[in-house]
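A, B, C, D, E and F label the chains in the order they appear, each numbered from 1.
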Amino acid sequence: MLMKPDQRAIEALVLMAMREDAPWGDLTSQALLPADLEISARLMAREEGILCGDDLFTTAMSMNAAVTVEFLKHDSNSFSAGDALARLTGPAQAILRAERVALNFMQRLCGIATLTAKYVAETVGTKARIVDTRKTTPGLRLLERYAVRCGGGYNHRFSLSDGVLAKDNHLAALKKKGDGELTSGLRQAFKLLPHTTHIEVEVDRLEQIEPVLAAGVDTIMLDNFSIDELRAGVKQVAGRALVEASGGISLDRVREIAATGVDLISVGALTHSVRSIDLGLDF
Amino acid sequence: MLMKPDQRAIEALVLMAMREDAPWGDLTSQALLPADLEISARLMAREEGILCGDDLFTTAMSMNAAVTVEFLKHDSNSFSAGDALARLTGPAQAILRAERVALNFMQRLCGIATLTAKYVAETVGTKARIVDTRKTTPGLRLLERYAVRCGGGYNHRFSLSDGVLAKDNHLAALKKKGDGELTSGLRQAFKLLPHTTHIEVEVDRLEQIEPVLAAGVDTIMLDNFSIDELRAGVKQVAGRALVEASGGISLDRVREIAATGVDLISVGALTHSVRSIDLGLDF
Amino acid sequence: MLMKPDQRAIEALVLMAMREDAPWGDLTSQALLPADLEISARLMAREEGILCGDDLFTTAMSMNAAVTVEFLKHDSNSFSAGDALARLTGPAQAILRAERVALNFMQRLCGIATLTAKYVAETVGTKARIVDTRKTTPGLRLLERYAVRCGGGYNHRFSLSDGVLAKDNHLAALKKKGDGELTSGLRQAFKLLPHTTHIEVEVDRLEQIEPVLAAGVDTIMLDNFSIDELRAGVKQVAGRALVEASGGISLDRVREIAATGVDLISVGALTHSVRSIDLGLDF
Amino acid sequence: MLMKPDQRAIEALVLMAMREDAPWGDLTSQALLPADLEISARLMAREEGILCGDDLFTTAMSMNAAVTVEFLKHDSNSFSAGDALARLTGPAQAILRAERVALNFMQRLCGIATLTAKYVAETVGTKARIVDTRKTTPGLRLLERYAVRCGGGYNHRFSLSDGVLAKDNHLAALKKKGDGELTSGLRQAFKLLPHTTHIEVEVDRLEQIEPVLAAGVDTIMLDNFSIDELRAGVKQVAGRALVEASGGISLDRVREIAATGVDLISVGALTHSVRSIDLGLDF
Amino acid sequence: MLMKPDQRAIEALVLMAMREDAPWGDLTSQALLPADLEISARLMAREEGILCGDDLFTTAMSMNAAVTVEFLKHDSNSFSAGDALARLTGPAQAILRAERVALNFMQRLCGIATLTAKYVAETVGTKARIVDTRKTTPGLRLLERYAVRCGGGYNHRFSLSDGVLAKDNHLAALKKKGDGELTSGLRQAFKLLPHTTHIEVEVDRLEQIEPVLAAGVDTIMLDNFSIDELRAGVKQVAGRALVEASGGISLDRVREIAATGVDLISVGALTHSVRSIDLGLDF
Amino acid sequence: MLMKPDQRAIEALVLMAMREDAPWGDLTSQALLPADLEISARLMAREEGILCGDDLFTTAMSMNAAVTVEFLKHDSNSFSAGDALARLTGPAQAILRAERVALNFMQRLCGIATLTAKYVAETVGTKARIVDTRKTTPGLRLLERYAVRCGGGYNHRFSLSDGVLAKDNHLAALKKKGDGELTSGLRQAFKLLPHTTHIEVEVDRLEQIEPVLAAGVDTIMLDNFSIDELRAGVKQVAGRALVEASGGISLDRVREIAATGVDLISVGALTHSVRSIDLGLDF
């Protein structure tokens, strides 16, 4: 149950990309290829990874003509170098025109899913979830969050509008308001929020945990804590809130962090530094 | 002379990203920060790199309120870890709301500019240009091409609509048309193109060079050639067209490739696998 | 602290309404009024109510020309019949053209705020919040939720995307899946959700409360319960989740419902049946 | 012959509402319902009314998946509490996702049609038409005017662009222009209008009727006239123009007003204060 | 009193044209002109005509930078070959980028205004209005109707939505409906229309005039009538409706047609075959 | 091989035009025609010409209902007065609603194709291409360039973004930069351009040819040269670049110009002054 993104949202993104990549047609294919030439092709993996983007690829390919796409692997499946991922048949002009757009999306999404899966693999046997952040590519958040799910990760809040995450700068402002005490300041601020709002507060040191918990929060984020501090933090929170580890999470540290007992590990790198997976069409 | 992207295009992209990141407001800042709280902040580099995105950052910050931004470095300047890149002052709510959007764009663009500059540095003393490809992030091509220029690289065609690049699949289709001879097939196809169209054809082996040149092309792309083959190709073309090396170009091979005498080296990795540069706001 | 809606969102809605109401100009004003005629006017309340829409009114008025608007009352303030709410000065053509659009928005929003305030007044002395529902006017949800806040009410989830609310039809489907037991079915379904998701489940009878609570929910909705049943439900939940009363809430029953100890009372009528407050411009 | 609204306009409105109500999916249905679960449902009337919105409901339901909708009653038909209005079958996820959007539109439109029908019933036996005003919900005018027609009412001008309606403020401006005489001022102003423009002028007292008629108008609006004044006005106009009664028209006064012999009775309340008709889906 | 088109509509059209003409910048100006180069220029008439488009020209020029435009002639003024129409000053890059877009609009609009003025000049001394048709350039109707007004002409209905014009095909359908008699068929059809609808019916021969008039129409169109028939038609209508001459109106026949006593002469050529007026920028 | 415009671009343009021409329905057809009336019609040529717009016409006709269109002639075919161009069958309401939009587009496009063909006919036996300019109707450039191709002409650059064309004003600025020498100034400016950029420079007199050629240009434009000068210019360029004749090209001079040996003749009149071809529907 991957909660696929809305098909209409996919179509809008593909159309936007098509307009960007061919604002007034594909000179090469229109000049060189007869309009009635039909071809077959296979979407091939040039390296191993996790699949993400099957619907999107099909949408791109069939946007301008009757192209048939049959996927042999599906979103969240793993694949190896040399695997055929899909078979497609249709007008050569349409397939070549859509090729780059379809691959540009899919290679990035597979990159995210594949990297996520590596982080997730490191947390096996712990209760820690790998979660994404808002460090996504502008315009593609919907897709990139889906890619995280394809890789076995979980989503954090979607945007600034659907969850509270108070960071150091927000807390600093509370003091400037002259509120004095952190707990009462937070409690006062949270009072007007919808009851459906998940409230998370970031702390920089162990001493902040108690006053923040006292304000009634759902998740407490331990930012840039050492392994020992994380362990101490988890112990101190003692189940009164979820605990999220954040800040400079890397693949070689994540297992150690997961072992501290945190509930969530947020990894900006899942989406802010995507290495595309090498895919290509073979004709 | 960097040919900055159009300010209206920047505004449209920033607005799109703002809507994605805060479709109905910033719960945290609106709950915790007084509307009249003014703050100052600095945009800091956490690692070295090449700057790209000054106008975009300013646009994002000043979109929702009167935020003043003064850049201390400018697009295409290099910076070191710890450098202050800009100073900004304005309402805390507006700055914190725009922070993630502004950084999401800018960190990617700096990543592209910085990587490009590394490739360009390897070509010093040769005539080879580092050029981008269409392997850009859907929706952000305008910005990413600009980032390549900030890094000292050059742009290839923008899209399928403003230049011909015939690849193996196109050439294969010529044969299916029964055109028989490659040269006449290409010449026939090019006849209807606008005279302003730059025509490039990709070849896979040295034997294709002569028939392609005979069709009258502006650039010949040597795809996945070895260093020796590249050198032979350049010699054979002998200035009758530009020569572009393409396919699997990596940072550790690029100097050797540039030394073969090619005119252009296209590098998909400049944009298809962006590692964000670490930037942040200090308050 | 009312968390005003985003100014850009307001502008987009006003522009949409202006295009609807004057797709190719205002024949009457352009024919009858000299372009340089300046007038002053006052926005008058013809009946009592709660104000909502000050920024929106100003935006509509100043969209097409330099109209100055000064509000004498502000959003969430109460007003009486005969009160002047704002003073405005500017070109007659612009003011008359914007008049109907500005009032169409504002009269509805004041209607919602005023009705909400009546419900809220009935809950004084209890802990119950009056909350809105998704029964809003298509396209105007952002504004109508704001109007509820102006009236002293609170917001529920914004949309299907930012909170779970499982109703009878959803629970019925769990059975069709052959999941057998309700608790495990729900728990299974909730596992993949972001940890930030507020989870609410609707129950029709007291017997469902325990299995639902056992699945780990944040709010339990008691749908169409009698006063006695509500009281029993609150007692049974005993603080293990928030309790929401829902279904056929009317102004004459709400005090009694609030007194049962529920946390939330959701009222569809706040937005699904808006009686506009009578406002007008006096020149 | 109801002149149904354009199907493309309906689609655009439904899509807008869908995006508002589920910007990134329906968490509840996607989490709880299997993607392949098909259900049947009936659209039920919980109270009596006049139907409006059959095409719109079908459009909403079938927007995201193959949902079959068969209406048992049609637009402008009356229905009773307990009537099944439509039968629908399709994927549970799609039906539950569209349910609120479809009902939010339809309940409002039925509310308008039903209220209109009540006003129309009071005019039986007279020549008076019940007509709408521009006091419609921003963005929904096209639909709300259609609902008025479904209820047996008639439409007034669509917007400021397709008809002249000069009110007191316009007439006051004529004096400020120093035009002196009302008749010549109006005549002068109307000269440049397209010959297709319907010209209506509002008067506040009987003395204004003659000078306004002398300027050549198609309709004369008697604003806030007493019953006696209306009767006198109709007599004075004597068929030289249509006569519209306007201002504070209520359901208990409308029969009396219609009996005065006016041609048109414009009722802002038809659209400015809509009480939704209670409809629901039974599964 | 020209009823200028809405400034926001102008901006939207200019922006659309700018995107079309420079989707990713102006290579020539950005490469050749320093960003800080300021220039002055004059908008010159290379032939005589009637001005239309002053606001639009200013909007185009100042869209991307601070360009000052001062018009020496104004919309609806006549000009001679060699006249300076406007002076402008600003950044060279912005002016050269906007030049073609600004002229493309303005030359067409001046072409329409100028041609209209020629037709209008032929009707001097008669009561006939020269009116436009719906044969406008897709997307530019708002502007082209304004150009007709600048030339002294008048507008017909804007669109299919704001006026009835029944042509032979519509009348033929009435018979297929089995309505038998033309008068009753029309009357029946018109009954449901808003009272603000101007009703016009086209007739092909004199015998149709009486039955059409009997149905109650506002304008009767005499389509492709000879001069004698027009005169007879005017006489027969005898002021019971406006009379419009239509079909193959040319500049050399229009005076004769106007002399027949018709009220309206609709000329498709005003907008369907525009010869641009030669304008240019002198630097 | 005409390189037809993208079907999605056509749909967007048709939809825009439909909204303009019937923002809230077609009053006449909805009032007079039964919704279930099916009719047949033929698209007839009232004068001779070259066809352009078959896909567009079909798109317009079938946008709102199932209308079948069969074209008897195809784009770029010539036709005579009286020829039936297409047969169509479908609902009368849909056909009459789309008629004007479909014809407004098609008559203009046929006008351009027909005029282009006349210019092309004059160049038979020479190597000169007739090419278009950027003097197109705002918003319709994609279609108008296609019409030029249908008439046997060729396209120039699409926009400011995909080709360099330096005119006198640009060259003048080079001097203001203090660059002194023209050749080095141009060479410097061109250095940063993508290698795919076609570079064209306009010269006003023969003396400029050598310094411009020395800068390395692809095409040299001889602006407003006499026939003798053109011949001299061609001789001087001697194949080192393409030669384009431009400025005041008329149908009666074009053969003489083509005979001078120029490669390209750009004709603004192809698109800036379109005379619509007379087409109509016969029912």
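Throughout what follows, contacts are C-beta pairs under 8 Å (C-beta built on N, C-alpha and C of every residue); 3 or more make two chains touch, one makes a residue touch a chain.
Here the structure is a predicted model, which is why all the values come from computation and not from measurement.
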| item | value |
| --- | --- |
| Interchain contact steps from chain B to chain F (minimum; 1 if touching) | 1 |
| Chains touching both chain C and chain F | A, B, D, E |
| Interface residue overlap between copies chain B and chain E, same or different (over half shared) | different |
| Distance from chain D to chain A - Cα centre to Cα centre, in angstrom | 46 |
| Centroid spacing, where centroids are CA-atom means, of chain A and chain B in whole angstrom | 23 |
| Shared interface positions of chain A, touching two or more other chains | 1, 3, 22-25, 27, 31, 158, 161-163, 192, 197 |
| Category of the chain touch graph - line, ring, star, complete, other | other |
| Which chain pairs touch, all of them | A-B, A-C, A-D, A-F, B-C, B-E, B-F, C-D, C-E, D-E, D-F, E-F |
| Residues of chain E that touch chain F when the two form their complex | 13, 16-17, 20-29, 31-34, 37, 39, 92, 96-97, 100-101, 103-105, 107-108, 111, 134-141, 159-167, 169-174, 176-177, 185-186, 189-190, 192-193, 197, 272-276, 281, 283 |
| Touching residues on chain B, where the partner in the complex is chain F | 1, 3, 129, 131, 149, 154-158, 161-163, 192, 194-198, 200, 218-219, 242, 263-264 |
| In the complex, chain D residues that touch chain A | 15, 18, 22, 24-25, 27, 30-31, 63-64 |
| Residues of chain A defined as touching chain D within the complex | 1, 3, 5-9, 142, 158 |
